[in-house]
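You will see two complexes here that share subunit A, one where it goes with subunit B and one where it goes with subunit C.
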Partner chain A sequence: MSLLIALLASTLFISNAMKDEYNKIISTYPDIVITNQKALRDSTIDENEVNKLLAIEGVSSAVPRVWGNYYFLNADKKFLILGKDEFETYPNPLLNENLDIKNHSMLISLGVKKILDDNYYHNYFNFIESNGSIKKMQIQSLLNTKESLKNPLVIIMNKDDAQEIFQYSKNEVTDLAVTVVNRSEVAFVATKIRILFPSAKVSIKKDLRVFYENVYNLRSGFFLTVFIITFFTFFIIIYDKVSGLNSEQRYEIGILKALGWRVGDVLSAKLYEGLIVSLFSYILGISMAFIYVYLLNAPYLKDIFLNNYDLIGDFKIVFSVDYNTLSLLFLLSVPIYIAATIIPSWRVATLEADEVMR
Partner chain B sequence: MIKLNNISKIYEKNVVALDNVSLWFKEGELVVLKGVSGSGKSTILSLIAGLVKPTTGEVLVDEKKISKIPDHFVSQYRQKNIGFIFQKYNLISSLNVSENILLPLVPLNLKRSECKRRLESVLKQFSIEDKRDTLVKNLSGGEQQRTAIARASINSPKIILADEPTANLDEKLSLEFIKILKDLKSQNKTIIVATHDPLFFNLDFVDRTIEVNNGKIIS
Partner chain C sequence: MFTNKISKLFFLFTLLSVSLFAYPQISQDVKDKKIYPMGEKIYNAKCKGADLTQFKTYDTLFSSLQKDKPCGDLNRKHTVALSLYLWDVKFKNAKTYKKLTVSKDAKCQVCGMFLHGHPNWVSRINYPKGETYNFDGMKCMFKFYFNNKEGIKDILVQDYYTLQTINARKAYFVVGSDVYGPMGYELVPFKDKKSATIFLLEHNGKKIYSFDEVTEHMVRNLDR
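Showing the complex of A and B:
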């Protein structure tokens, strides 16, 4: 029973952590993102297009962003590189901190630091550009622990350096992030932008939310499978208990009745027994799930929910206590187990002791 | 005084265990019910203990019709009046000696100190003090029986019922049991033993021997 609760709790904890993570990511997104398209694939866009955007009524800000993933072959890891321009205000709070980044230097998260240390890059790192040339970047400092937990493999550098690593030309940027004054007008503004940039892809926050929810729901399919299997197993155990006590348990109740125990005495003993067993199983199962998910970061099970191409990448499950999940698991395990203990005992205890012991 | 008036007991599938039997037992008396297996001896004990109800007739203990009262009150009657020693001892194998002996006290909600006092008393009386923490499944046959007797005695019942108490014992242990029985009789307990063991038939402290056969009293 403890193992079943642990499995169920683990899947619920991971599922909740993913949902939280998606919500956090979405909250940092701008209202509208414009990317160029070439052969229906995302391509760079000219940062001077920002001026056209700012001319649209209702747009409060338009920021050219340089960002992308860098694959580090030796460690088989992807780093998220964010380019920062000191004069821009970004929708992402991480880039709006007072970060003084020197040229040809970078700020790295603790996760990146560990990977670089493992590969003997203690003070600098050599990025290999797409044309094969090497760009040496100094490690200026570490991001704080809080940001490192949120963004395990992130690197922040000046926009110019990021453009060089991605082999962008001077005016090329990854996308344009637009903020709209009135949130209810986002769709209307997006339509205006589509007219202005017919070949570009215009994504609004709502679409991104739907996209993330679809990804989440796909993962939830795995979760649902685990959930159904676990509950099926649990109810088979319960059904087995409810459908009748074994001969030894019947005999014990017969003995107790022959010794002068009343039906109520038998039932209260069984209540305590069921309560102790189920509470112990519940606490043990939840503890196992906490250790597995939050201390060990859910090896294997997490891989079922996430994969290498997942949008939230190599995320660390952040500890949180969700009382709704704990209550749900409690209600689905403890009272049901107690009922499954008491009902068959009551059936036997109401028979004549002699009949039970025969 | 225990009285069985015109008792018949018919189990499922029309198995007649007792056929119009009338019996009485005086207080402080030791009576042996003898007869072959299936003769109806155990059913007489079960009726007196209130473990079964008669099909017809009535069982009276101290003028109370225990065969007519509801199950809840029969349990209370057993708690106060009956100590039952079963043929297979009926100990709970997952519990130790002390826990088994204390079982009849659980519904009484006695103080811990009182339970302990009674436990120490019966452990000493039946010489099983050194086995108090041993699981009953690890005891010898004689030790299991002494545990069963201690459990039957812990409530200080007026009536001791023993169903084939020596069936699983060798002669030496059977004689030990008979000695215990003599001690219990000296405490003025009413003792009824159902047995077909010849060791019981010529004991000087046995008041009466009643022969049962095919659900009827022969002598």
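Showing the complex of A and C:
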């Protein structure tokens, strides 16, 4: 019983933690992102197009973003490079925290530092541009971040350095990030933007959240499988109890009746028995789940949910008590188990004592 | 012919030299949404202790920022942003109101609804002695206002597009649009007539009213 509850509880805890995690990630995204496309492939955009966006009522800010991936051949790893202008305000708080990057310097994350150290780059790194020339970038310091990053290989540098590494021209940027302060206007503004930029891909944050939810919510694949298994096992136990007591238990009840116990007493004894068993297994199961998920970080179970879509990297599960989940599990296990123990005992107890003992 | 060419050259030269420092022609939207926030950031980060109030014209301010560098080394884009910010915003010191935030248990004074579920629609009336009343939308606020016109210090509402706090008495309201507030049909507030007009056209509004044109009868009509 407890193992079952533990399994179910763990899956529910993990799914809740993931929901919190991707909500947190999504909160750093801009409301609308405009990516230019050529032949339906992502391309770059001129940063002065931002002025057209600012003319739209409802748009509270629009910033050009320079970012991309750099493949480091020797380590076979991709670095995520984020370029920033020192005085622009970006939707991602990571870019707004780290200020004052010197020219031709960069801030790197722990993961990047480790890789560079392994390859003997301690104070600087040489980026190889597409025409073969080398761009030397000094490592200024480690990234100052408060929380664990989704992608641990991040480098932040000045916008013009990033543009040089990607071989962008001076006004060329990766995409435009738009913030719409009034949430009820986002869809409307997105429509206006699509008319203004007919060949661009306009992605809305809300659609992204729906996508994440569909991947990680309770109704989809992995969770469903686990649920079905646990419920099935649970109901086998219940069925076993309901389909009648075995002869030993009938004998027990018969003796009690012979001793003078009334039906009500037998039932209340059975009730206490069922209550104690189910409550105990519930508490044991929940605590096991708590320890497994929050203290040990759910080693094997988490991988089932994470690896398929590669959207959320490895993350630390934050402790949170979700009363909804806990009460759901309680209502599913305890009353049903109690009912399953009482009903057959009631059936038996109402027979005459001598009938039972036969 | 010769003098004609020289005079043309001279004219071009003066035009160019004037435009080097002249106040740049940038649309108001771009200024509000991009230039001023950037300028504010630069000012807060780099102009500590610099005395910038002695400049009487935009050109002198700009050339001083470029040559004397009281705020450090800035590229041209940043210098333009900073000088525009200082000239248009900082030196004018226009009155800005703080964001209207409410606590979790705040209720509308008129209809009793909890306000924290609809933060974009919160409006407020302040009295000089410090009493404040919060409302859930413009309808409730107007109902209160028509019954208590005396002694009010400010009436604050949030502009629909930017959610900035604005003085309701200078605002414009659009009636009959397809945007509903938490209490149903609403008057939607805007900080200027231009955004009110755009809203009216896009959301099928019926009419724009200034604060003084709103009547009690109009507000009651919205309750159908």
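The definition used in the following text is that the second predicted complex is superposed on the first by the 204 of 358 C-alpha atoms of A that agree within 3 Å, B and C clash if a C-alpha of one lies under 4 Å from a C-alpha of the other, contacts with A are read in each partner's own complex, and residues count from 1 in each chain.
The rule is short, and it goes like this: a residue touches a chain if its C-beta (ideal position, glycine included) is under 8 Å from a C-beta of that chain, and two chains touch if they have at least 3 such contacts.
Bear in mind the structure is a predicted one, so any value in this text is a computation, not a measurement.
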On the A-aligned overlay, A:E88 touches which partner chain: subunit B = first, subunit C = second, or both, or neither? second
Looking at the overlay, does A:A258 come into contact with subunit B only (first), subunit C only (second), both, or neither? first
Scan A:S60 for contacts with subunit B and subunit C and give back first, second, both or neither. second
Could you look at A:I276 and tell me whether it touches subunit B, subunit C, both or neither (first, second, both, neither)? neither
Return first, second, both or neither, reflecting whether A:L224 touches subunit B, subunit C, both chains, or no partner chain. neither
Intersection of subunit A interface sets (partners subunit B, subunit C): none
For a test of understanding, state which residues of subunit C touch subunit A in their complex under the given definition. 27, 29-30, 33-34, 37-38, 41-42, 45, 78, 81, 120, 160-163, 179, 195, 198-199, 202
Subunit C-touching residues of subunit A, taken from the complex the two chains share: 50-51, 54-55, 57-62, 86-89, 99, 181-185, 188
Complex contacts: residues of subunit B adjacent to subunit A: 46, 49, 51-53, 71-72, 75-76, 78-80, 82, 84, 86, 90-92, 103-104, 106-107, 151, 155
Show me the residue ranges of subunit A that touch subunit B in the complex, using the header's touch definition. 251-252, 255-263, 265, 269, 350, 352-355, 357
